[in-house]
Amino acid sequence: MVVLRVIERDAPGAKPPAVALEGVSIAYGGGSQPVYEAVAPTTLRVAESEFVAIVGPTGCGKSTLLNAAAGLLKPASGAVSIFGEPLAGLNGKAGYLFQQDALMPWKTALENVAIALEVGGVASSDARKQAKEWLGRVGLAAFADRYPHQLSGGQRKRVGLAQVLIRHPKILLMDEPFGPLDAQTRQIMGTLLLELWAADRKAVLFVTHDLEEAIALADRVVIMSCGPKARIIGDHTIDLPRPRDVSEVRLDPRFHALHKAIWSELRDEVVKAYGGAPA
Amino acid sequence: MVVLRVIERDAPGAKPPAVALEGVSIAYGGGSQPVYEAVAPTTLRVAESEFVAIVGPTGCGKSTLLNAAAGLLKPASGAVSIFGEPLAGLNGKAGYLFQQDALMPWKTALENVAIALEVGGVASSDARKQAKEWLGRVGLAAFADRYPHQLSGGQRKRVGLAQVLIRHPKILLMDEPFGPLDAQTRQIMGTLLLELWAADRKAVLFVTHDLEEAIALADRVVIMSCGPKARIIGDHTIDLPRPRDVSEVRLDPRFHALHKAIWSELRDEVVKAYGGAPA
Amino acid sequence: QAPEKKDVKLGVGGKALLYYLPLTIAERKGFFKEQGLDVEISDFAGGAKSLQGLIGGSLDVVTGAYEHTIRMQAKGQDIRAVLELGRFPGIVVGVAKAKADSYKSPKDLKGMKIGVTAPGSSTNMLVNFLLAKEGLTPQDASFIGVGSAQSAVAAIKNGQLDAISHLEPVISMLERSGDIKVVVDTRTEEGTKALFGGSNPAAVLYVKKDFIDKYPNTVQAVTNGLYKALQWIQKASPEEIAATVPEEYLLGDKSLYELAVKNSKPTYSQTGLISESGMKSTYDMLKQFDPELKESKVNLADTFDPRFAKKAAEVVK
Amino acid sequence: MSRPKLLAWQVLVAAIVLLIWHIGSTVPIGGTYLLPKFFFSTPGEVIARIWKLFAGGQIWKHLSITLSETVLAFLIGSVGGVLFGFWFARKPTVAAVFDPYVKMANALPRVVLAPIFMLWLGLGIWSKVALGVTLVFFIVFFNVYQGVKEVSSVVLANARLMGMNERQLFRHVYWPSALSWMFSSLHTSVGFALVGAVVGEYLGSAAGLGYLIHEAEGVFDVTGVFAGMVILAAFVLFIDWLVTLIENRLLVWRPQPASQA
Amino acid sequence: MSRPKLLAWQVLVAAIVLLIWHIGSTVPIGGTYLLPKFFFSTPGEVIARIWKLFAGGQIWKHLSITLSETVLAFLIGSVGGVLFGFWFARKPTVAAVFDPYVKMANALPRVVLAPIFMLWLGLGIWSKVALGVTLVFFIVFFNVYQGVKEVSSVVLANARLMGMNERQLFRHVYWPSALSWMFSSLHTSVGFALVGAVVGEYLGSAAGLGYLIHEAEGVFDVTGVFAGMVILAAFVLFIDWLVTLIENRLLVWRPQPASQA
């Protein structure tokens, strides 16, 4: 069971966590600009096949944490390690679905997905074949030849999803991957993600604003406080049985109990965030 | 009551609707590119102080309709009229919150909001004062001097919101305005929007993926079918009493009945969309 | 003897100028071909550039000003003239119409704005010389490089210059239109004598010493061709000359061209030999104005190799 | 605007310019000519001369020489500019160290460099190509350098996280992203390549359009000068048209500019 | 890289160049000099000459003339380029009609235009300024034109819906958005402004650095030519530094390039 592994994570001789942020704090600015301490020293570990969701008020530092885990931002203090090795430079083991559009505007949807494989040395024809399959999986088979600017917001996000998933990275960093999708498509994508995760046991770090989604998908839901100097203020293990049906699990009474507990914690935080100020 | 007006909207001698899309169809491409008929001839009227929400599967053509109402896209057929006058060029009466980032990267949050007033001739100092107030209302008082790239996704969206609302446009076009916000902030913003709307009775056309949000805020929820040739396949009047408390209204049994009805219609559509193909 | 090197690269700075008329004649009349040569003529934006081409090794022979050989000798570059093409400089100093009446003697050049082809060029030098004879220094006038022929005409016509020191055909053109009054004229024997006290070599054919040693027959052949052109010019009427040069050279006005030819005709060398007094007077003038040459000790015999011209006089009929 | 209508407008503009030129050079206004024939020739004569040049057949030799110089200068200069632009943009240290020297080099008057090029490259086409290259190179270089720095940081981060190495980043991110910068510079530098070639010929050569112009200038043959310039200009349109063709092929992915409502 | 370290590197590069120059021009390799003194002078002599020029005091007059020409050419050319660039970008019809003519104009060899400028503008500084302007203008023009067309369509739509008129759009959208394009072109054109001024002086003038260089060239004083060029180059660095100062002030809003991890 997933949950067991999670509990074991600090046991001696256990495998090192896939992602470990140890006392990581992150500050923006410096030089001529004022320093903004976005994240206070924070520790977050994601075990090898664990699915962790992060929720928190807007602007608290969720994307910042993901960037640190991806190696795009250097922490001001603390250390990031990936499968036990300290992270130097980019995190080559991670696939990152950015919050913003990150598709290459000069490539079609198909090319955008195929390139993710071609980079790793897969032959172009093979990569295209797989890319086509993946576009089908995210419901965009018919849009393969469109350039990003010819796609709707939700379509672009799904191309990005295919681009990340096709590589089967060991670690998945996802920043509001289903944000611009309607509820139904969201569930379909959620199911897809869970299937993949179950198949090859990735470590997933998943940012979302949809608490229900977080509970339905994750093993653990982490709550961040509002910034500046955001911290992790809650860490809930979701002990709903696997495999889960993303649309059915919401009917489970345990789901409601969890939802209520997390929501109440979160709400207080958001109310604070609303009046939040940078240092 | 709002609802009464809505029902009156076709009565003889009634005021012309704020936005009227009459048999509007929209096609992309042409020239050397294949034509994609995004929206089939569609009629949608928004009365003077009506709050209409549009929901529909991702990529169906919601943003496309909003663009047509803003005068940014020329319909292939049909006519757009604004307060009874045919729309030629841009819709000067509308404020549009885009789905993508539309802030000027070279202006700070404050400047981005203030410019919306300055354009209309408001003195700079006055505009800045008001802009500061508005940034406070969207919870960003402390971030006034940040450039857009120094803000989180949700913060940028809120700056955009302030930028649109500060002008008090007669017509509000909003494309997933609360998408990247957490649930709590979303409610706060929803309440803000409803207050404004109640105060000076704007016409609102509101695209969202959150059906609960749509029902909680709108007078009418319009459902679009999946593309290509998307149409309006459902038009539900939300007869919940006003004023509504955005967080409380969800507990209303009528809310649940409406939600269920709309959801079932919508779900079928999304399932279709998932296998949808361009013409 | 047949030339060792059939393909010869010849450089010139402003081929269409009357200064270099013998070259055009030799080319058009086929005198080089007669000598078994295939001459490729490259035209440069000025004599300095063609000399640089020679030193850089991209040219074999150059038609240019004699003074260049002195300068090069002073700089340790062994460049030698082999044939004189022009015996008078052909430079004319004219005073603009507006100042013509008040001009009495070269003393009056003091304070004038004087146009020259380029700063430091032979047109500039000549005015310096003129001023020096009157006890003035180059600082007493201001010199303006006016560059191309067109700019020179424009500058005079616009009244931006008080005087000009230039060559044909600019002079004939300005003289005919009455824009200038000629005050010093080195196109003629008298004019040149009056100024320099003797002839003063102008255009010459020069080559590197190495080239002479390596390809004496080629040098002879080029010399022969140009020598023949000189002889031809002596006998030809301005009309004949005008009929020989390319039509574009006629300044769009045949009569003007013929006038210019007539005016320049005395300048072309008759023997192809540079007189010793001419060499000396040129060197003295350079020494006077060029600080770099002041201390130099050039053996003037190194600047001109008369063998080829002499031989040409024997063989060319 | 439709093509025929556009063409009609363009012809109209040309006609107006020619008319002004004609009137200015042949009809005295208040006693003086606006565009004295001595400096501007007349359009009729220039056209007649162009006709004669082509009819005579001599021009082709000169044209082909100038064309090859221009094309070579353009290709070498722009390839060099692109390579160095990328290199500098990707190696900030290199860029910082060499920055002042690049700027100094860009400020050297090319006219003065001509003898040095002739020394190194001889009198043939290569010294002219070199002159063109020194103009094209800097224009392309500065633009590509900036273009690479303007790459969207999110797209770049995404590509790097995909595991792209430098070569792949170049091919899939920097290159396409910098293309519109590059093409902008290419449109400028087409003209400059030709200018370089012609100035090179002008300063010293045995053939080419610049040679013709120089020769004509020396004998006050303004008609010849203008005829040469008109031929030059027609010429550059042709090369620019080729550049635009390639540009349109390479930048298909770009959104069409919104038709302004 | 820290400033002192950077400076050290730059000095090192300069030292290496000077060393190569020195060796090439004074030490024969295999019997020939790599950089014959006749064409390259030697660094020692050039430095001595620069020293002499400044000590003599005469140079200041020439410098100030060239400086004013350069600055004027730069200002007029870039303001013109910006205005026309914006105008063309905002009026696609105008742009389409004039497009071929602009490109033709850009291809005219400036050297040939010099007599015309002299005719119109006289022998003073203005004919040189005009020559510089014809270089600067096109570089800035093409870049600004492209820069305006690259404005984000969403930002533009947003601004237009706010009700901005053309003037406001210019000020708040097109201008800031095209700035990085413009500055890229300015860095190129600083050098070209100077080149234009110097070439103009070279072709005909009474003073200025180009005049000095030309004079030196006429008497084969390479040392003088190189001294002039070195002064020129130092000069352009100074103007470019000013441009960079302004650029940094105007582009504060831009994200710092991510420090590569």
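Letters A, B, C, D and E mark the chains as written, and numbering starts fresh at 1 in each.
The rule is simple: a residue touches a chain if its C-beta (ideal position, glycine included) is under 8 Å from a C-beta of that chain, and two chains touch if they have at least 3 such contacts.
It should be emphasised that the depicted structure is a prediction, and the values quoted were computed from it without experimental measurement.
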Legend entry - Two chains sharing the most contacts, counting C-beta pairs only: D-E
Inset, instruction - Average the CA atoms of each chain to get its centre, and name the chain whose centre is farthest from that of chain B. - result: C
Legend entry - Centroid distance [mean C-alpha coordinates] between chain C and chain B, Å: 84
Legend entry - Inter-chain centre distance, chain B versus chain E - centres from mean C-alpha coordinates, in Å: 50
Legend entry - For chain C paired with chain E, centre-to-centre distance based on mean C-alpha positions, whole Å: 37
Legend entry - Between chain E and chain D, distance of the C-alpha-averaged centres to the nearest whole Å: 17
Legend entry - Contacts with two or more other chains, residues of chain C listed in rising order: 52, 56, 148, 150, 154
Legend entry - Multi-chain contact sites of chain B, meaning residues that touch two or more partners: 72, 90, 100-101
Legend entry - Multi-partner residues of chain E (at least 2 other chains): 36, 39, 115, 119, 157, 202, 217, 255, 258
Legend entry - Interface residues, chain D side, partner chain E - complex: 1, 6, 9-10, 13-14, 17, 36, 39-40, 92-93, 96-98, 100-101, 103-112, 115-116, 119, 138-139, 142-143, 145-146, 149-150, 153, 157, 180-181, 183-185, 187-188, 190-192, 194-195, 198-199, 202, 210, 213, 217, 225, 228-229, 232-237, 240, 255, 257-258
Legend entry - Residue numbers on chain C that touch chain E, as the complex places them: 46, 48, 51-52, 55-56, 71-72, 75, 77, 113, 118-121, 124, 142-148, 150-151, 154-155, 158, 160-161, 290, 292
Inset, instruction - Going by the contact rule at the top, pick out the chain D residues touching chain A in the complex. - result: 154-155, 157-164, 168, 172-173, 176-177, 179, 251, 253-255
Inset, instruction - In the complex, go through chain C and note every residue touching chain D. - result: 9, 11, 14-17, 40-45, 49-50, 52-53, 56-59, 148-150, 153-154, 169, 173, 248-252
Inset, instruction - Could you please specify the touching residues of chain D with respect to chain C in the complex? - result: 38-39, 114-115, 118-119, 122-123, 202-206, 211, 214-224
